[in-house]
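Lettered A, B, C and D in written order, each chain numbered from 1.
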Amino acid sequence: MKMKGETLVILNFKTYMESTGLNALKLAQASEEVADETGITIAVAPQAADLWKITEEVDIPVFSQHIDAIEAGGHTGRILLESVHQAGAKGTLINHSEQRMELADIDMVVQKSSKVDMTSVVCTNNVDTSAAAATLKPDFVAIEPPELIGSGIPVSQAEPEVVEGTVQVIHDINPKVGVLCGAGISTGDDMKAALKLGAEGVLLASGIILAPNPKEALMGLVSKL
Amino acid sequence: MKMKGETLVILNFKTYMESTGLNALKLAQASEEVADETGITIAVAPQAADLWKITEEVDIPVFSQHIDAIEAGGHTGRILLESVHQAGAKGTLINHSEQRMELADIDMVVQKSSKVDMTSVVCTNNVDTSAAAATLKPDFVAIEPPELIGSGIPVSQAEPEVVEGTVQVIHDINPKVGVLCGAGISTGDDMKAALKLGAEGVLLASGIILAPNPKEALMGLVSKL
Amino acid sequence: MKMKGETLVILNFKTYMESTGLNALKLAQASEEVADETGITIAVAPQAADLWKITEEVDIPVFSQHIDAIEAGGHTGRILLESVHQAGAKGTLINHSEQRMELADIDMVVQKSSKVDMTSVVCTNNVDTSAAAATLKPDFVAIEPPELIGSGIPVSQAEPEVVEGTVQVIHDINPKVGVLCGAGISTGDDMKAALKLGAEGVLLASGIILAPNPKEALMGLVSKL
Amino acid sequence: MKMKGETLVILNFKTYMESTGLNALKLAQASEEVADETGITIAVAPQAADLWKITEEVDIPVFSQHIDAIEAGGHTGRILLESVHQAGAKGTLINHSEQRMELADIDMVVQKSSKVDMTSVVCTNNVDTSAAAATLKPDFVAIEPPELIGSGIPVSQAEPEVVEGTVQVIHDINPKVGVLCGAGISTGDDMKAALKLGAEGVLLASGIILAPNPKEALMGLVSKL
């Protein structure tokens, strides 16, 4: 499942109670309804322990939030790619700002994902690290300036040059790598601005999860496209 | 679910392919059969992504391999207690040698587990750290000298003084804390030796998981009790 | 150099510019002057790169801020006990809240310190982890509730029960272990309160380092004893 | 101090007893003698606690083994760039295989080094991560396949394609970045092979440090150039 070329919305469930366990399932189902009604590709990224439940019940792409840079073996407590893959994950976030990884480990997980055709999304914090990530040939780089995460201030408005710069350097290094725009996206206008700057999609989280009505918030975000 | 007072066998699935995904489910079912046939309490500790599937299908205690020292919130990629608890986990390993934790974090996870009545099993590497762990009041301390893990050499035979010493210091510090014996246990004799030294159970892994016939191996281990 | 039994003041230089390089040397010299004028034992804990310079120039105990749980060998970039010891360190902080360590690693560094007669000071965050630390037999446990670090609010006033509780549990577990009081101590009254609660000394940092006149601040703190 | 364009030899002291404290000083002095006798630029990278002593006594470039991705402040136990810089370090290793760093942190330390004109050497493990590192604009990338570190098998012979591939991709991405060749280099022939493949220098460690006569070993290595 590669989804390059069409607009991609990924909803990162993080570890909020609002997106854990049965709440995670409800949020995934709401996301599926919005995807069905709008035709937009919406992927959800729940916690590892919620993957099976959600992939059994919904028909939209489900991502892992993280995969550890390990091969099968003695690694108690770690997240093995094969485990989330068998649980139905079609892709994974890598190097999220809340779970930063070593460079060599990012490389390993991107390679492992590619071998089983899981979509890889490497999160980065600025133009330079976006360029570095692009050399590793993931499917997507998601640029999220850390100071904007959870701020409600969309990167597409606060720092458009970061999005444009990322789109430019990635185009130069490897045009097959798509750019997603994260951090602070919560309205349809934020999202349109991001796409206009060259992003192919967005990475969402608390703006939707903690909204009074997440389905409405998500619908408001994608229905304007 | 506290299980202090009766013999407890925990099978740590680690991240072997033999204990991932559908293989994890089969291994859990085999463990359930052995538990049913022998009356021994056998708990299984699969990877996070396999918890839902297994707790839905088997009726023995299912443990998490690890829980991160976090509260609900923005912690992408981490293991939240509430997520594994909702997925049906009745207990958790803490501070396994393959996932060592900071002292303050062990304390936090033991406290959080206690509040929702999840059985806490803190893994330790020697008598001194076992004493330290016991002061934090977990349900169990599992002593596993690192040099014996995966060795096939049972701690109960190679270093009986470590098991006895652990039983003694824990009795002095907090007699409510049970002692499990890990590292190298793979036969019924190993297990009997461990119980004779004062342990209330064992923590198993590769000796069973990688056996040609895991169910037989597990049966051989517990049927002599 | 064990200093149990007399009042001990440790000044943690952290990584402020005010306590780096030549500033570190000046601060150590000021601390020495205060120690000489008051007769109080004052130890300073500069960054690793400043140890040689300071131990060559001052005659008060110099501590390391951290030691990694490694033996000599291939550990590029780590802090080896033998290196800080040869650089003249007489003791070390262990498990500071800004450099938390795994339980097994705290144990290892306390043991290694003991073998070369370096004073070990294990930092902890609450009564339970103080008890755990005491079982490892360090020379001192320094209790620092994390919410008070750098706050200017002294633990001896804000949470006296934490200091008293720590003194009590440590007395029960191992009366040879001294208790230091950290977090928020910046005046002589704070310090007297800490000693009255049973502490044998204090662990200071930003309250002194960032004071307009650190020597005066330190003098004000110890001259009332 | 940038040293691009001439052959550069860096001797990483790691944390061996043979290169700690007074032994570190002797090894630095021997390195200086070889540099003086041969005219080759030889830099030494001792542990943080040995920096002051060595920079006071020798006149060759001294590097740090690691710098943490922090600004001045409350970071007890960490390695602050300003501290090693004031201690006389002219450059630093970054992301050594024994001290891997997160991608965003590598970026930060390269930027901070550049601002004070410290030579930055980012260690990498394969061609892909070398490309990624080059996008961050360090002075050098040191390619060290992890399976060859400490093996005595020189990368220039065992995996010449890794060195050539690294030289090629880095030339394409940023020709201002120099390539060093690490892992297994211990003889003059290994070194010549590395330079022939396009490297501008080498990163040495145990092959020299643990040699019966390190000065002779180093002389044998550079005198053939």
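Criterion: a residue touches a chain if its C-beta (ideal position, glycine included) is under 8 Å from a C-beta of that chain, and two chains touch if they have at least 3 such contacts.
Predicted model only: the values in this text are computed from it and were never measured.
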Problem set entry | Shortest path length from subunit A to subunit C (each step joins two touching chains) | 2
Problem set entry | Those chains which touch subunit D and also touch subunit A | none
Exercise. What is the distance, in whole Å, between the centres of subunit C and subunit D, each centre taken as the mean of its C-alpha atoms?
Worked result: 34
For this session: Using mean C-alpha positions as chain centres, tell me how far subunit B is from subunit C in Å, no decimals.
Result: 36
Seminar exercise, completed: Between subunit B and subunit D, the Cα-mean centres are separated in Å by 43
Exercise. What are the residues of subunit A that contact at least two other chains?
Worked result: 97
Seminar exercise, completed: So the complete set of touching chain pairs is A-B, A-D, B-C, C-D
Problem set entry | Residues of subunit B defined as touching subunit A within the complex | 12, 14-17, 20-22, 24, 47-53, 64-66, 70, 72-80, 82-84, 86-87, 89, 93, 96-99, 149-150, 205-206
Problem set entry | Of all residues in subunit D, those that touch subunit A in their complex | 95, 97, 100-107, 124-126, 128-129, 131-137, 169, 173
